[in-house]
Structure formats: structure tokens, C-alpha cells
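Read through the structures below before going on.
In the two complexes below, chain A is the common chain; its partner is chain B in one and chain C in the other.
For the complex of A and B:
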């Protein structure tokens, strides 16, 4: 039971990190990033490759050497940086060429390409086997609860940054871009620059999500980072209320905790895949209903008070 | 050896072309990108499986029946879901179609389970057509694809329904004023587009196995084909389909078989950088 709760909280917290990425991209700036799984995977693989002790594995006649054994915190910071940097590159291609309307398709393709690389470049990622023996800090102390507390701390930190971003002048420009990009451009703001800032900042949170998840499970495989992950994170944000930083937490707790994890306690019906697929149908229908009848989600966007400047 | 890759590129190109035409017409009439398209393709393949393997009908007859049945799914989607979202933001529609994709995919998983199934038809030996290699089912698939293109052109150019769809796609309000019932025309448009999805799905199912996850990769390839061919131009999308099919198989021919799908995405990204509206944009 404790193990289950620890797993559920780890899922909720790390998915909430990724949720903040989607919130900054979509909720603040209106960029539809469907490559959530890609940034998650980048973070997870970066820290896994850096922090895993150097090991040699022989599999199917080939020997792979993976791992540099650097400290965990270096790996986590590197994960955020790598995700940010790749987001800049993707953003320059996807946001420069078009007005962002292809971004959804291109980020979806980006996540798939990351997955192909993880599957095929076995010299780096050990291919479909995935990377095991990733260091798991505090995994043996009190059944992993200290690590959950660290995750909670990071969540509050990310919440704080997102909240600052929302109320700052930068956040105001981003919301302006979402509402009417031409109007903001006509005020002399460089839209591409602000979109890239939003894209790279958010992606850092996505990278953190992947990194902390990798250090929680200790083993990652390419198929962990499929569109299902993207769907769950995006759903959480939509359910909670896009653009609302507290809504992200509430939405993730609802979707991941209640709809994704809790069905494990249901009695077994039908085939082994009945309940897992039924819960996705339920989440999907919930999203359709929310978009139809309560667009703002569980917690509507708060208005930002703009302080009058004394002249 | 290169002939083998080119023939396979033509076959997959024929399949992507049908899908891209449906996707492109849907974008033009509804104005949004339908991300559940790949999963409606899978639905078509499973319906064909029911007709073909479970009820014992001929495989080509089941393809046609499945295409019509999937078309009705399209009508249902329009009536139940999309009518309520008239005038919604592009972002909302994208998220909505992702949610629909997961509903459809998991519904198929719920019914048929995760194991791949196969359509039943007599496999025959390949033969040479000049430097290329084909077997009869593959030739029939390419012929069906070409036939669909021609039929699509005739429907869109000469029939009331086709003209109505183009009119509503260009300007729904103007069409309404001129006495074209938006509701009726959109119902037809959804039937045709999702019917094309079902057809391309069954073609894909004939070339390999049918499983609930197969639609997703094809979704991105169909989008690549559509964007490559030119936004809002179904004929360009058809050409884009063949380009994507051939390009990805030629990537395999130079020894990068693992990356042939990634190569198609990259081609799309490069084309978007150079020609943001695709190769043959609509006027």
C-alpha cells in the first residue's frame, strides 16, 4: 500500500512538472506542444546516461558501454538544460516558418523522432532494452518517502517560478501573444523571441520531469515515452484549468491519481486490458465534456492585477 | 534491389495518398487538423477484419463495406461531437481531436485486444513489372488508390455535393446565403473524409497486420503528405502521399531503415522552412 502511494505521488508530482511545461506553452502562450513525451524522454535519458555507473552489457552479441557516473544533481541540471536547448532548436524550426499552426504536428513528430533515436542508437541508449541501474536516491530510506518530499519541494519551486512568470511583465506579453499575436507584434514586440523564451523555459520543466522520474524508477525504456504520456499530461492541465498554476496540481491529482491510478483497486473484469483501456476512454470523454461545457477547467484562470504606475 | 524499394514506396505512397486526400479535404472544410484521423483509419481496418475474417466476405468487398461503415462513424462524430464546437479556437479543436483519438484507439483495444490480427486473402507470388516487383493484391491497391483519386476529382468538380463542399470550405456564410445547407454538406464532407480514412486503413491492414496502435504513425505520415503537398489542396496532398512513400522507402534503401518514418517528418519540416505553404498551395 505504501509502495503504491509512493508510486502514485511520484507519478503525480513528475507529471505535474511536465504539466507546468504544457501550462506555460499552451495556457500562457497558446503554443500547442504535443511533444511532451519527447521532452520528458530527453530529460530522462540525459540524466540516465550521465549518472548511471559505467557498465558493460553484452546483448545479442554486441557490447554496449553506457554511463558516466556523475553525481545525480549534475544529471538533473543537465537534463533541464538539454531539454531547453533542444526546445530552442525545435522552436526555431517550427515557430519561425509558420505562425505556429503546424506546431502541434511538428512537436508530435519531434517526440516520435526522439523515441526512434532512443530505440535505434543503442550505443548511447542501449536501444529497446533501456537503461537500468539509474541511481535512485533515498530509495531504501523509509520506503522512498524522502524522495517524494524532494519532489514536493521541486514542485513548489516550479509552481513559484510559474506564478512569477504569470504575474510578471513577461507573462503579460505571453498572454498577449496568446490572445492576439498580431496586436502584440504591432506594439513592437518580437513575437518569435517571446515564443522561444516560453518554449525553452517550459521545456526545462519537461526535462526536469523526465529526470526526476528516471531517478525514481531507476529503469527507463523507449516505450515509456509514447503519446500516452503526452495525452495524460495535457489532459491533466485541461481538466485542472489551463493557465492556472494551482489548477495544474488539482488536474494532475484528479487525472493521474483518481482516473489513472485508482482503477487498480477495481475488481478485475474481462480481459487484462479492459480496465486500462476503459480508463483512457473515461479520461477522453471527460476532456470532450470539459472542452464543450466548461472550457476553463476545474479552476478558471485568475486575472492578474496590473499595478498602476505613479507618474 | 532498388526496384524492390521503389515498388514498396509506390504501394505505401498509394495508401498515404488516399489518407492525405481525406485529411486535406477535412482541413479545408472544417478548418482544423483532425488528429484522430489515424485512429479512424485503424477503425476502418478492424471493421474490414470483421467483414473479412469473421464473416468470411471477400477482402475487396469488405474493404468497400468498411470504408462506408467508417464514413458513418465520421457522420456520427460530426453530429454528436463537432456540431457543438462550431467556432471554437484552433487550440481547443486540436486538444479535442487528440482526446477523440484516445477514445477511439482504446475503444478498439477494448473490443479486439492488443494482439495483431490479419485480413484473410490469398497471397500470390510477386512478379516483375519492368524493374519493379508486385503481387496482385498490391497492384489492386494501387489501382484502387488511383480510382479513388479520379472519383474524388469527379465528385468534387461535377456533382452538387462536391460543389457544395468546396463552397462551404471557401466561405460557409456565403454558401449559406446562397441556399447551400451547411449541415447537409458538412455531413457529406465528414462521410467522404472519414470514409477515405477507413479505406486507407483497410489498405494498410492488407499490407501488414491490424492492431490498435497502427494508426498513430500513419497519422503523422498522412500529415506530412498533406503539408508537403500544400495546405488545402487535396490533389497536392495525393502527390505528397506518393512523395512521402517513395522518400521513406528510399531512406530505407540507403541503409537507414530504422529512420524511414523520421526521415518523412524531417522532409516535412524542411519543406515547411523553405515553402511554408507546401509544394502546391491552394490558390
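For the complex of A and C:
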């Protein structure tokens, strides 16, 4: 039971990190980034490659050296930086000409490119076998609870940064761009610059999500970063209320905790896959209901009222 | 001295020549009206000047510098802003927040500074806030400063559109139907506001408007008539009112 709870909280927390990425991109700035799994994978692979002890593997008749054995914290910071940097490059290519639903398709493609790189560039990623023996800090202490507490700390930190960002002059411009990009541009703001800032900043959280997940499980494979991950994270944010930083937590707890993990306790119905598959149907129905009856999500966007001295 | 100078501007959409070899000089400090029937190319001309469309041909100069081909935000920073026919108040932001977006050099727009909120950010924020509050007071929107823009009436949205543009310290404002959709009681304050800004802040205005009462009153000195993207007639309000050809274009040939 404790193992299950630890796993569930690890999922909720790391998916919430990625949720904050989607919230900054979509909730604040209106950029539909469906490449969540790609940034997650970038973070996971970056830290995995950096922190895993150097080992020799033979795959498809060739021998590779993978792993650099650097400290975990270095790997995690590098994961955030790499995700951010790649977002900047993708952003410079895409955001010049593409926003809206076209950006959604492009980022979806980007995530698939990352996944195929992970599958095919075996010299770097060990291909479909994935990387095992990733360091798992505190995994043997108190059944892994200390690591969950670290995740909670990081979650609060990311929440704090996101909330500061939302209420700052920068967040004001980003939210303005979401409301009407042409109006903001006509008022003298270089919207490409602000979109890039949003893209790169959010991606750092996506990278952190992947990195902390990799150090939790200790083993990653390309198939862990499929579109399902993107779907779960984006659903969580939309259910919680995009643009609302508390909504991200509530939405992730609802979708991941209640709908994705808790059904394990339901009595068996049909074959072993009935309930696990039905979960996605239930999440899908929830999304439809939210979009139809409560478009703003469980927690709608809050207005930012600027403090004024009484006059 | 002319502050805005458009020369032989052409803007086509496929086979349609929306703006067809149109030239216009705007004298500094004037309020000029631009009228014409629906589809004459008024809004397209505005959007082309603002940099939203790139002209196919022609030259546009603001204070002597060429601006065609620049992005809207670059043109805005050089002192020309266009307001929109359908008000583009930013949703989910308060009126005050709408006002506080335009000013340049906001330290808090830098990510690290935005998070740390140092003295520099706070001081600049205070300046921007005070400027916004005083403009809201002049524009008559002060009481609504903390409201979501979706709660504003059409007239108030139009007023915000103009007041928000003032946050960029513009030299030229292009107003696309500043009183469209407003009630009769709302129209007059908007007109007076434009005249006041013209006198007090020396802002040059180019105004598109379908309400003839408004345009004849506001732009007594000079009205330009645009038909099928081309310069059709020009004169004082009185001359345009007495011009039979202009009447014909608007109302069709009398029988």
C-alpha cells in the first residue's frame, strides 16, 4: 500500500511539474504545446545520461559507452537547462510563423521526433532498451518517502515561481497575448520575444518533471514518453482550470490520483485490461463535460488586482 | 509639417485592390476624417499603416522615417497607434492591467527580475501605475479600474481602447470607428475626449467613422473620401456635405 501511495504521489507531483509548463504555455500565453512528452523525455534522458554510472552495453552487435556518473543535482539542473534551450530553438523556428492549432501539430511532431531519437540513437540512449541503473536517491530510506517530500518541496517552489510570474509585469504581457496578441503587438510589445520567454521558461519545468521522474523510477524507455503522457498532463490542467496555478494541482490530483491511479482498487470486471483502458474513456468524458459546462475548469482564472494606495 | 505621409499605397488581396494607389498627408496637430462606403478600404489602409498588412507598393513615412514593412510593435514605439473597430480590450485582465501593458522599459518584464521583484521593478511599476491611474481619471474610466474588461459597456470599451493607446505616448492615433455601437449619451464624451487630447497633448488624429454627425463635427477642417480604395474627394466638412458626387456614392443616384 505504501509503495502504491509513493508511486501515486510521485506521478501526481512530477505530472504537476509538467502541468505548470503547460499552464505557462497555454494557460498564460495561449500557446498550445502538445509536445509535453517531448520536454519530459528531454529532461529524463538528460539526467539519465549524465548521472548513470558509465557502463558498457552491447546492442545490435555494437558496443556503446553510456553514462557519465555526475551527481544527481547536476543532472537535474542540466535537465531543466537542456529542455529550456531546446524549447528556445524549437520556438525560434516555430513561433515566428506558427501559433494556435498549427503550433499544437508542430509540437506534437516535436515530441515524436524526440521519442524517435531516443529509440534510434542507441549510442546515446541505448535505444529501445532504455537506460537502467539511474541513481534513485533515498529509494531505500523509509520506503522512498523522503524523495516524495523533496518532490513536494519542488512542487511548492514551482508553484511559487509560477504565481510570481503570473502577477508580474511579464505575466501581464503574457496573459495579454493570450487574450489578444494583435492588440498587445499594436501597443508596442514584441510578442515573438515574449512567446519565446514563455516557451523557454515553461519548458524548464517540463525538463524538471522528466528528471525527477527518471530519478524516481531508476529506469526509462522511449515508450514511457508517448502521447499518452501529453494527454494526461494537458487534461489535468484543463480540468483544473488553465491559467490558475492552484487549479494545476487540483486538476492533476483529480485526473492522475482519482481517475488514473485509484481505479486499481475497483473490483475486477471483464479481462484484466478492462478497467485500465476504461480510465481513458472516463478522463475523456470528464474533459468533454468540463469543456461543455465549466469551460474555465474547476478553478477559473483569477483577476490580478494591482495594489493601489488609498488616495 | 506633415507627421504622417502615405504615398501611392497599394494593398491587394488576391485580385482585389483594397487600397489602390492612395496617398494621404497628415498635418501635425490636425484631426482628419476618412470616410467612404463599406468596403472602400478604410480599415485596410489603417492596418497597412499600422504594419498589420505589408503594402504591395508605396511609401509610408512617420515623422519623416519610412515605416512600411516594420512590425506593428515597432511602429507603435515610433509613435503611431491604431485602435480597433471592434474593441480589443484584453479579457481576464482588469482595466488597470490593460493600461499597464504598453509602457516601455518595464524592468518587471525580465523573467529573473519579475520573480525577484527588486526595487527597480517596484519603482517602475509605481510609475506605470500612477500614469495609468491619471489617464484613467482623465478618460473617465477611473471607477472601473479594478473590473474585468468583459464587464464594460461598448462605450467604455471604446474609451478604454483610446485611453490605453495613450499609455504609449503616441504622436498619431488612427481611430477606427471610435463611436460605433455606442449609445447617443456615450458618443458625445468620446468626441470631446478626442478634441481635448488633440489640444492638450497635441496628438494628431485620423478618424474613420460612419456617424456623419460625429465626423462633420470632429473633422471640420479636412475630410478625405475613399471609394474603391482610391482617393475620391477631399475638403472641409462643409464642402464634403455639399458635394453631390459624395452623396451619390453614399446613397446611390437619386431618381
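Points worth noting:
Here is the rule we use: the second predicted complex is superposed on the first by the 301 of 311 C-alpha atoms of A that agree within 3 Å, B and C clash if a C-alpha of one lies under 4 Å from a C-alpha of the other, contacts with A are read in each partner's own complex, and residues count from 1 in each chain.
One rule holds for everything that comes next: a contact is a pair of C-beta atoms (placed from the backbone, for glycine too) under 8 Å apart; a residue touches a chain by one contact, two chains touch by 3 or more.
The structure displayed is predicted, hence computed values, not measured ones.
Looking at the shared chain after the overlay, A:140 reaches neither chain B nor chain C. Between chain B and chain C, the partner in contact with more residues of chain A is B.
Once the two complexes are laid over each other on the shared chain, residue contacts for A:271 go to chain B alone; chain C is not touched. Touch criterion met: A:280 reaches chain B, while chain C stays clear of it. Of the two partner chains, chain B is the only one touched by A:94; chain C is not. In the superposed model, A:3 makes contact with neither chain B nor chain C.
Look at A:295: by the touch rule set out above, it reaches chain B but stays clear of chain C. With both structures placed on the common chain, the touch criterion links A:243 to chain C but leaves chain B unconnected.
In the superposed pair of complexes, A:106 makes contact with chain B only, with no contact to chain C. After overlaying the two complexes on the shared chain, residue contacts for A:30 are found with chain B alone; chain C is out of touch. Interface residues of chain B facing chain A in the complex, by the touch rule stated above, are 33, 35, 81, 84-85, 88, 90-92, 94-96, 98-100, 102-103, 105-107, 109-110, 113-114, 216-217, 220, 223-224, 227, 258-259, 261-262, 265-266, 268-269, 272-273, 276. Across the complex, chain C meets chain A through its residues 50, 52, 71-73, 76-77, 81-82, 84, 88, 90-94, 96-98, 100-102, 104, 106-111, 114-115, 117, 121, 125, 128-129, 133, 145-146, 148, 164-165, 167-168. The part of chain A that touches chain C in the complex is made up of residues 161, 164-165, 168-173, 175-176, 178-180, 182-191, 194, 197, 201, 243, 301, 303-306, 308.
In the complex of the two chains, the chain A residues touching chain B come out as 26, 30, 32, 34, 93-94, 96-98, 101-102, 104-106, 108-110, 112-113, 116, 119-120, 227-228, 231, 234-235, 238, 271, 273-274, 277-278, 280-281, 283-285, 287-288, 291-292, 295.
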